[in-house]
Amino acid sequence: MDKNQIKELIAKRVAKELHDGDVVNLGIGLPTLVANFIPDEIDVTFQSENGFVGLGPSPKEGEEDKDVSNAGGQYVTIKKGGATFDSGVSFGIIRGGHVDATVLGALQVDGEGNLANWMIPGKMVPGMGGAMDLVVGAKKVIVAMTHTAKGSPKILKECSLPLTAAGQVNLIITEMGVIEVTDKGLVLKELGPEVTVEDVKAATEAELIISDDLKTMEV
Amino acid sequence: MDKNQIKELIAKRVAKELHDGDVVNLGIGLPTLVANFIPDEIDVTFQSENGFVGLGPSPKEGEEDKDVSNAGGQYVTIKKGGATFDSGVSFGIIRGGHVDATVLGALQVDGEGNLANWMIPGKMVPGMGGAMDLVVGAKKVIVAMTHTAKGSPKILKECSLPLTAAGQVNLIITEMGVIEVTDKGLVLKELGPEVTVEDVKAATEAELIISDDLKTMEV
Amino acid sequence: MNKLISIDEAINHIEDGMTVMIGGFLAVGTPEKLVDALVEKGVKDLTIIANDTGFVDKGIGKLVVNKQAKKVIASHIGTNKETGRQMNEGELEVQLVPQGTLAEQIRAAGYGLGGILTSTGVGTVVEEGKKKIEVDGVEYLLELPIKADVALIKADKVDKKGNIRYNKTAKNFNPIMATAADIVIVEAEKIVETGELDPDDVMTPNIFTTYMVDGGAK
Amino acid sequence: MNKLISIDEAINHIEDGMTVMIGGFLAVGTPEKLVDALVEKGVKDLTIIANDTGFVDKGIGKLVVNKQAKKVIASHIGTNKETGRQMNEGELEVQLVPQGTLAEQIRAAGYGLGGILTSTGVGTVVEEGKKKIEVDGVEYLLELPIKADVALIKADKVDKKGNIRYNKTAKNFNPIMATAADIVIVEAEKIVETGELDPDDVMTPNIFTTYMVDGGAK
């Protein structure tokens, strides 16, 4: 698989986690692609933390509204039946548990469900933006990312970078598999295409419990 | 003076405390009358804690809007340029110090600026409504009331009834005078018509400091 | 997902012993048809959270008169003598809360805050049993979130997706309560098509609305 | 009281060393004309409170590039390399705050709360130096109010009394910041007559607006 195929695979698998009626926040980058793979028969409402629900597709060129953007600053549209609000309400929605799922990338995740995705000390300090609130507030936190970075594992025994939140991740979806964060540790529930359990173990620093009911990732 | 003349005198004197641009909350009863005595040349915005600014006069009979009432539940009107909001915003405005003055009645006030106006244990327990927030939040708290109740002083050495708030009253206006609450105690600044300093002292349980610059109440 | 249901279906979500928030300020902005249906169904032992208990024959007061409440959390009960009578005779527990504090406590529950610090009530009976926290030399009360099983909300308009618009002073506690209950039932005077409300005109976003009922125009 | 003044008059209220809140989210909803005038005036040593520092040539970032800030309080600075450079070289103090916490801290200042409890940031560097408070076995951070001397706000419409309406996602921090500064200056695309905005359509009530300037339609 090339880079784009990997991203598409992950996004498609994440889409299957979403249910009719869900309110979902998609992070910048890979998670944004998830919106493209929601089946027509289910109605998912996308929340954008800069202040609205009902995130629609990108506008046609020349039809942009300077006052309608997503949390990444790109021009987007608001669907019929959407609603706008200020940052206080937006994060009230997030912190108050009214977002069913948040999908975001990670620099590191560990076996305790800890997540690091907002800074690399001395190198990259962009700020946490809304990530800390999203990870603490959303009912389900799905990390969607490539399994490794330049060959190094990103699923670790313990995160070494400053945390975005402690113990909040529920599910990790990569091109190599679907991993659930449980009280007992990380459980590999589904295996990606073209890989073996040994491949996943080799690419993962954290201990992996292999589900008795291991399936192949279906997308 | 009969009862109505007394109320009118007090309301007229309170009106003189209000300035152009002020945001003012008037309590139920006597304080409501203050709105009738604002000079045309000054612009005072009345805030109603049930959720709007721009409180206007009562509607004509038959022109009531069931969804426009004041904090006493009476039908009122909203002036041009008014704005409505929910109870969270309304008390944000109050608690946040955006109300310049609140005018309310009292069962008891004392020399420390303590106020009791919301309950008589075992007898009358209506609840504090918005009074506690108003008294703590408004920049200036003006108590507007008759000087005594059935001949008994209401301005006491120490309130005996449960407090609405501790140390928040700034000014007491009665038919007998204008009394300022200062660090040193209660200072009689103005004397009501038809009374002497001795009369006021006799009708007041708290110590009164007589201002060097004692004036006659002008209304 | 069709959120538009009948009043009877809506009321079936409310059971004995539940905690119910009800919008309105002295019966302005109270969902009267939902209250009437609740009176008719006769569910008991409710904990009612509201600004006030309305009047004996109007608003939330009807539930008190019908003895359906075991507890009331409100800022004011003075306009309904029956609430006071039941309280004095030990039939009803009444917890009085400053109005602004009540609004913030409900908002805190809806918006995921662990509590808020306020000066309101310091030095009064309101501070009894509460944690005091000093910040920069000023003393505050820590007030905790208040949430409910069900919120009954009165709207002017609702679109079929559940976006709500309130009219004038009929807002009061409605928009806040709509955030702080597991089930949010909205009685609307007008049900409109999705898209009729501009995103900027929505006062409560559709994601908060569980069900809505047609309250008909008055 | 005439609140409508020129941009120059408005900017004269901002002096060296002041704390200034500025609305906007990645420059959407930022009052660009006020920012430009502030750049031109060249006031220094500002503490800037904003969601982010925009871009080097757009939004709040222009003030950073022009070295007018001594401190920035924001949730995100990644879209403006100059902010990071000044921070790394010790020229600028940057305090990073989770976006939702920043919104609540500003609201707390505007609405008179002594602070709020949030779970956001627990177990991260955000908790450093903060009081932790446990409620029902859950640990929260006590986050304190953040206020400013001046708030610069971007509106779609303002009426002559100062009632504000924002457009779509250009709201973001604007309505909250409008509550939390001693002087609130609103740049509006359209100034309309008092009465043109229905009381239910007002998003920030006139009492918060100190001054407004005509930002002209784009």
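Order of writing sets the chain letters: A, B, C and D. Residues in each chain are counted from 1.
FYI, a contact is a pair of C-beta atoms (placed from the backbone, for glycine too) under 8 Å apart; a residue touches a chain by one contact, two chains touch by 3 or more.
Here the structure is a predicted model, which is why all the values come from computation and not from measurement.
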Chains contacting each of subunit C and subunit D, listed by label: A, B
Minimal step count in the chain contact network, subunit A to subunit B: 2
B-C or A-C - the one linked by more C-beta pairs in contact: B-C
Inter-chain centre distance, subunit B versus subunit D - centres from mean C-alpha coordinates, in Å: 35
Subunit A-subunit D separation of Cα centroids, rounded to whole Å: 29
Multi-partner residues of subunit B (each touching 2 or more other chains): 52, 78, 84-85, 91-92, 94-95, 137
Residue list for subunit C, restricted to those that touch at least two other chains: 104, 107, 112-113, 118-119, 166-168, 199-200
Pairwise chain contacts under the document criterion: A-C, A-D, B-C, B-D, C-D
Contact footprint of subunit A on subunit C as seen in their complex: 1, 107, 109-113, 159-161, 163, 179, 194-195, 197, 199-200, 202, 205-208
Touching residues on subunit B, where the partner in the complex is subunit D: 20-21, 23, 43, 45, 47, 52-54, 78, 80-85, 89, 91-98, 137
Subunit B contact footprint on subunit C (complex, rising order): 25-29, 51-52, 74-79, 84, 87, 96, 98-104, 107, 118-126, 156, 166-176, 218
Touching residues (chain side subunit D, partner subunit C) in the complex: 104, 108, 112-119, 131, 133, 135, 138, 140, 142, 144, 165-168, 199-201
Contact set on subunit A toward subunit D in their complex: 48-52, 65-69, 71-73, 78, 84-88, 90-92, 94-95, 114, 124-133, 136-137, 162-167
